[in-house]
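Shared chain: chain A. Partners: chain B in the first complex, chain C in the second.
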Partner chain A sequence: MRVKRIFFSKSDPAKFWFRIMIVGLLLIYLWNAAFLYESGFKRWQAALFNSIFVSFVASLLSIFLGWFFSYYKYINEYLDKVVVSKTIIFFIDAIKSIPQVIGALTGYAILTNLTARDYNLSSFVLLILLSFILGLFLFVEAYDMFNERIAYYKDKDFISALRVLGMKESSIINKEIFYKNSRPYVIQKFASIFGEVFFLQASVDYIISVGLTLKTNLVSLPPTLGNLLARIDSKQDIFAIGMIFSNLSYIFELPFKHLQGLSAALTLVFVLICVYKIANALTEKLENK
Partner chain B sequence: MNFNVSIWTKDNFPIVEIKDFYFEEGKINFLFGESGIGKSLISKAIYGILNPFDLNIYINNKSYFQYLNTAYVSEIRKNGFFVFQETSTHLNPTLKISEQLEEGDLSEFSSQFLDDFKYLFYGKKEEFISFLSHSYPKPHRPSGGEKQRILASMAIKKMQLLIEKNSYSNLNLFVFDEPSGNLDDKYRDLLFDLIVKKYLKGNFTILFITHDYSLIGKIYSQYENLLTRAKFLELRKEESGLSLVEFNSRNYLDWLKSFPEGYLNQNKTDFELLKIYPDLQIFGRKLSIVKDKEKFEKKDLTINKGQIVYLKAESGMGKTSLAKAICGLIKPDKIKARIWGTTIDENTKFEFYRDRLWGKKIAMCFQHSDEALNLNDLTYQAFEPFIKNKTYLEKTDLIEKNLFKAFDYETTKIIFKRKIKHLSGGQKQKINLLRSFLSPAEIIILDEPISGMDFESVKKTFDIIKNELQNRGILLISHNEEIFSKAVGSENIFYLVENEQD
Partner chain C sequence: MKKIIVKNLISIGIISILFVVFIVVGKLISVSDKSERFVVIKELQEKYYIDIFDEEQVEIFKMALESYPIQHLNREKFENLLDEYKRYYFTNPKAKEGYTGKNLSLDYAIDIMLMFVKFCFIYFISFFSLYHFSKAIGFAKLIREINYQNDLTKFAILDEDEFLRKAKHFKLKKYLNYIISAPFYLFIFSPSYVAAYAIRSKFDSDSFLFLIFFAIFTNGALLYSGNRFYNMLKNEYHKGYALTALVKNLKNDYSDFNFLWLFSLSKKFKGSVLGSIYPAALSNFYLSLKEIGSFLITSLAIIEMALNIQNFFCYELLKCLLFEYYDSAFFIIFLLFVLVKANDIAAEILHYLNSLKYES
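Our next item is the complex of A and B:
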């Protein structure tokens, strides 16, 4: 009962779904540890870690870039530096006009090219580069959120009141508005970008797995849940689900014989659901605040 | 009627709890109290107009669904009216004002209503009344004061219809929630006069929520026949919770008598801090500063050290905009002023204000403390960024000393590390004021410094202003004319008026 109370109390849905995610991933881990062959298990672990790492870094980067560009645009507007502020707006609009998938695919194309040229980039560097590519096409969402926060306070007397008392504009925006009054919004945006990156990365990884150059193959890129799914043995695992239509009893063999593909797919869907729920709960909490 | 009201959020966080809320039937009940204390919320709950799905509400130990189904609620809703403080809650932007004035039961013809409506807009031309009644709340956007009078006129019409039908009972409950918050003295008086006339004819039950203590003086001086039928109540927040007590109206009147006219300007010097030349244009509107409204006698508004000058104007005329223009927070079309010997005009660059004036020579206390303060700050954090070159202990000491000016020792200790959003409206307003006075600036603009305060806070604020005037000059904007007109003295009162002559 105590465990149930600590882990599954629904008083804070965001924490509840975070715990669900941790417990769920732990269960998948234990199942894989027990029934998945060793190299597959290692691949799954690396893929999960890399996917979460890339999503985390890309989300962090998105928040940072959103913060930076929003502040930089505002301060240039405030200082009447029209050329600079218009350039920022043009640059951001240009990024917004590119569909995220196209942007990410282009970035991957460059990355694949780098790998094909034998630059001997380490997995860590490749993961960081992946994060930057994804973050670059998703930070505009954080940028919009920060702009909305400034606009909200601009409509009120908040900025004027602090300004006329002698507070610096940088402190008003960065400390008073972004840091003190936008943290829940930042957390909510971080969670939603994390989910988007997680999904986008898996989609792009899967898509490019059919179009890599001869010099580059899946082994050249760090494993992620997307390219784990794209492996031929994982695809066979997924196709095996179709077997249950002709032989229903085969359903009991799926979690033992086809674990790599199924657990990669399950992890993807499960993490996305949990992140979606966490982001929603944070939004709701924010609205009721 | 006695009510036990308990309002909680859906997450079971208490918002308002009071066991002994009451008002007397057949009387005009004035309800005072700090803003944000729950006067409106309790009244709305009793009137049955809160959404039972948004909050957990219990009235007299009944769930809100049960309460809404009682005969009492259906009767008061049918035979009364609720005038909202925030007029846009009621006024429908898709209806013309004339259509709005005929909504529901109000569609019945009343021979008297047109005269009543014109009375509320006394001094305005027929063409204006006609234009107003054919306009929409948006996009024409009547001013805040006009909308308040329009909404109040709907309640007046309901009263008149009941009088004409001779159909009134104890269940005719009319709630006026801050109906004069955006009105200057002239229109507040007209509205109040009309409400009193209807009340005396119909013997209705009126709950009049207000911060305007000067209504007390008005009743004592002009409506003596109302004294036996008026009840003055005050909602108070104490450590034990909310309570409703009878407000001793004599306290207010005695306090008002206790200081001489021009009391705040007793230490006025000849050292000029600010001079505003009388011809202005803000947002395309030509305005003038005059000393005598009737004669349209233009005059420079000068503030010396130790002097407080009171700038009066009709609601919506642009007093706050003028204050912001002087501070360089908005760009006026035309302005000329002298601040500490330096002339500024509409072409003065904002860098000048930023580098030379803001927080150094001039500061402003804004009307809405909820907007001006960072509600997520702890109380001491509201002051901290404005204290430079001090250690943490020195800062804490200074902030505490500052808070002692407005709060007693116990309250200071309690609120020091409490989030501002959890303070009452009056406490927030005092912190807003104290923060402005923490600035070394010698010119301070106070925009409605006592709005939302209870009487005790008003007295404290009055003392703070008197004390701060020793080293400063203050430009005051306020709707509380009775208090400040006397305290400032007639020679220090100026008017901002529309310039239709130039």
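Our next item is the complex of A and C:
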């Protein structure tokens, strides 16, 4: 009962789905520990850790960049520095118009090129650079959210009162609007960007590993769920799923015989579903406020 | 409307200039394309099946050339060309891959444009379908919720026990739904390459329908956009004017609603609350078509690249990046940029026209 109360209490759907995610990942971990061969298990752990790490850092970076550009744009508009604010708007507009996967892929291609030219980059630095590339193409969502918050509050009475009291514009924006009145929105945006980065990163890694084979022979990017899925043995595991259409009983053999590819795919999809549910629950909570 | 078009055209104009610079710089840093110089060698291999690495066959061919020189090719020229080709072949990985990539030229630009037209065609069909499915999902979710609330209200007034039983039953039904819909969720949220390879092992240029299917039903695109529309409907449903309509007893009972009707192209809910909130929600949804369109392009690009579908637009981009033909790569990215911008303009115009109609 206690376990049920701690993990499955549905009073807050966001927390509920977060717990489901933790429990689900733990179950996949235990299953892999029991049935997956040792090196495959190590690879899966590293891939999961790196994917979560990159998504987390990229989401943080997106929030930071979103805050920075929206604040900087607003202050310049406020100070009537039209050229600077228009330049920021144009720059953000240009980034929005490049499909995220294309931007991320070009960034990855440049990075693999640099790495291939004997720049000795450690795995940690590579992961940070990958996060930076992904964050660069996803921060516009956070930027839009911060802009909406400013637009919603800037003409409210209490903001005008704070101005009359002599509060600096920067304090009004950062402390009163962003910190005191936008934290739930930031958390919601963080969750939704996390999901997008998780998906995008896996896809770009997969494409890089499958499509840009010449480069990946020269450099090895740190393992992630995307490049784990692109391995030929994982791919064969995924092909095996199709066998259940002709032989339904094969479904019971899949989690034992084709565990590497299956657990990589399941981890990826499971995290995406949970993050989607969390972000959704947070959105509904904000709208019901 | 003029303002929308002018604003976006200026943006396209400035970015186009930037892309021209990128293409020129790309041409300078791209590896020079030597493969075109070896057309004769390729013809010998492909048309006449001469193995140029087989010395015996090459010697016979040289003797033949001595007696019967082909136009522009005699024995001496052939020997030089063959040496050069072998040097190229053994030092350039592209040659081993069998790829005859190209720097940007007029012919290649036309080829790319044709692929782009094909890409746009797939995009429009997927977009149109996604747009309608999203609306259907949004309505279905809201109608189900309203029906449930109506039922509960009915029982709460009439019978408290029945109300509690119904609430418990609904909870059970909800958990059962989670279990039944799990495989559906797993498929919908699967990255397209996982779902695609689980169904089929090979994808080629006749995979049009598969592309469209995976673009709509994988990568979470359907639920992502459907949920957006649902949130917009719900937002409007809780606004003052909708509540006033409810108080004034405007029809809000959809218990006899045929869910198949949701898939009809023109959705009208005459004389009901949904009919009042639909135009406002739709107007907001038009603006979010920008993001949905951009996500769909990302989805299609992932499918083409990850499934290695030859002669498709985004796969060509991948090849250009791989073989460092940056000028061609920038040209392809520029065309994608134009498509995203066209999508933005269309969404803004639709939103503007709808808001005009709605406000009047």
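Rule of thumb we're sticking to: the second predicted complex is superposed on the first by the 283 of 289 C-alpha atoms of A that agree within 3 Å, B and C clash if a C-alpha of one lies under 4 Å from a C-alpha of the other, contacts with A are read in each partner's own complex, and residues count from 1 in each chain.
In this text, a contact is a pair of C-beta atoms (placed from the backbone, for glycine too) under 8 Å apart; a residue touches a chain by one contact, two chains touch by 3 or more.
Not measured: the values here are computed from a predicted model.
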Looking at chain A, which partner touches more of its residues: chain C or chain B? C
For A:L272, using the defined touch cut-off, is the partner it touches chain B, chain C, both, or neither? Pick first, second, both or neither. second
Classify the contacts of A:D157 with the two partner chains as first (chain B alone), second (chain C alone), both, or neither. first
Touched partner set for A:F199, first chain B, second chain C, both or neither: second
Is A:I241 in contact with chain B, with chain C, with both, or with neither (first, second, both, neither)? second
Quick one: classify A:I102 as touching chain B (first), chain C (second), both or neither. second
For A:L165, using the defined touch cut-off, is the partner it touches chain B, chain C, both, or neither? Pick first, second, both or neither. first
For A:D233, select first, second, both or neither according to whether it touches chain B, chain C, the two together, or no partner. neither
Going by the contact rule set out above, which residues of chain A touch chain B in the complex? 156-158, 160-161, 163-167, 171, 175-176, 180-181, 288
Residues of chain B that touch chain A when the two form their complex: 9-11, 324, 327, 329, 354, 358-360, 362-364, 366-368, 371-374, 376-377, 385-386, 432, 435-436, 439
Can you list the chain C residues touching chain A in their complex? 11, 14-15, 18, 93, 97, 185-186, 189-191, 193-194, 197-201, 219-220, 223-224, 227, 231, 234-235, 294, 297-298, 301-302, 305-306, 308, 314-315, 317-318, 321-323, 329, 333, 336-337, 340-341, 344
Given the complex, residues on chain A that touch chain C span 90, 93-94, 96-102, 105-106, 109, 199-200, 202-203, 206-207, 210-215, 229, 235, 238-239, 241-242, 265-266, 268-269, 272-273, 276, 280, 283-284, 287
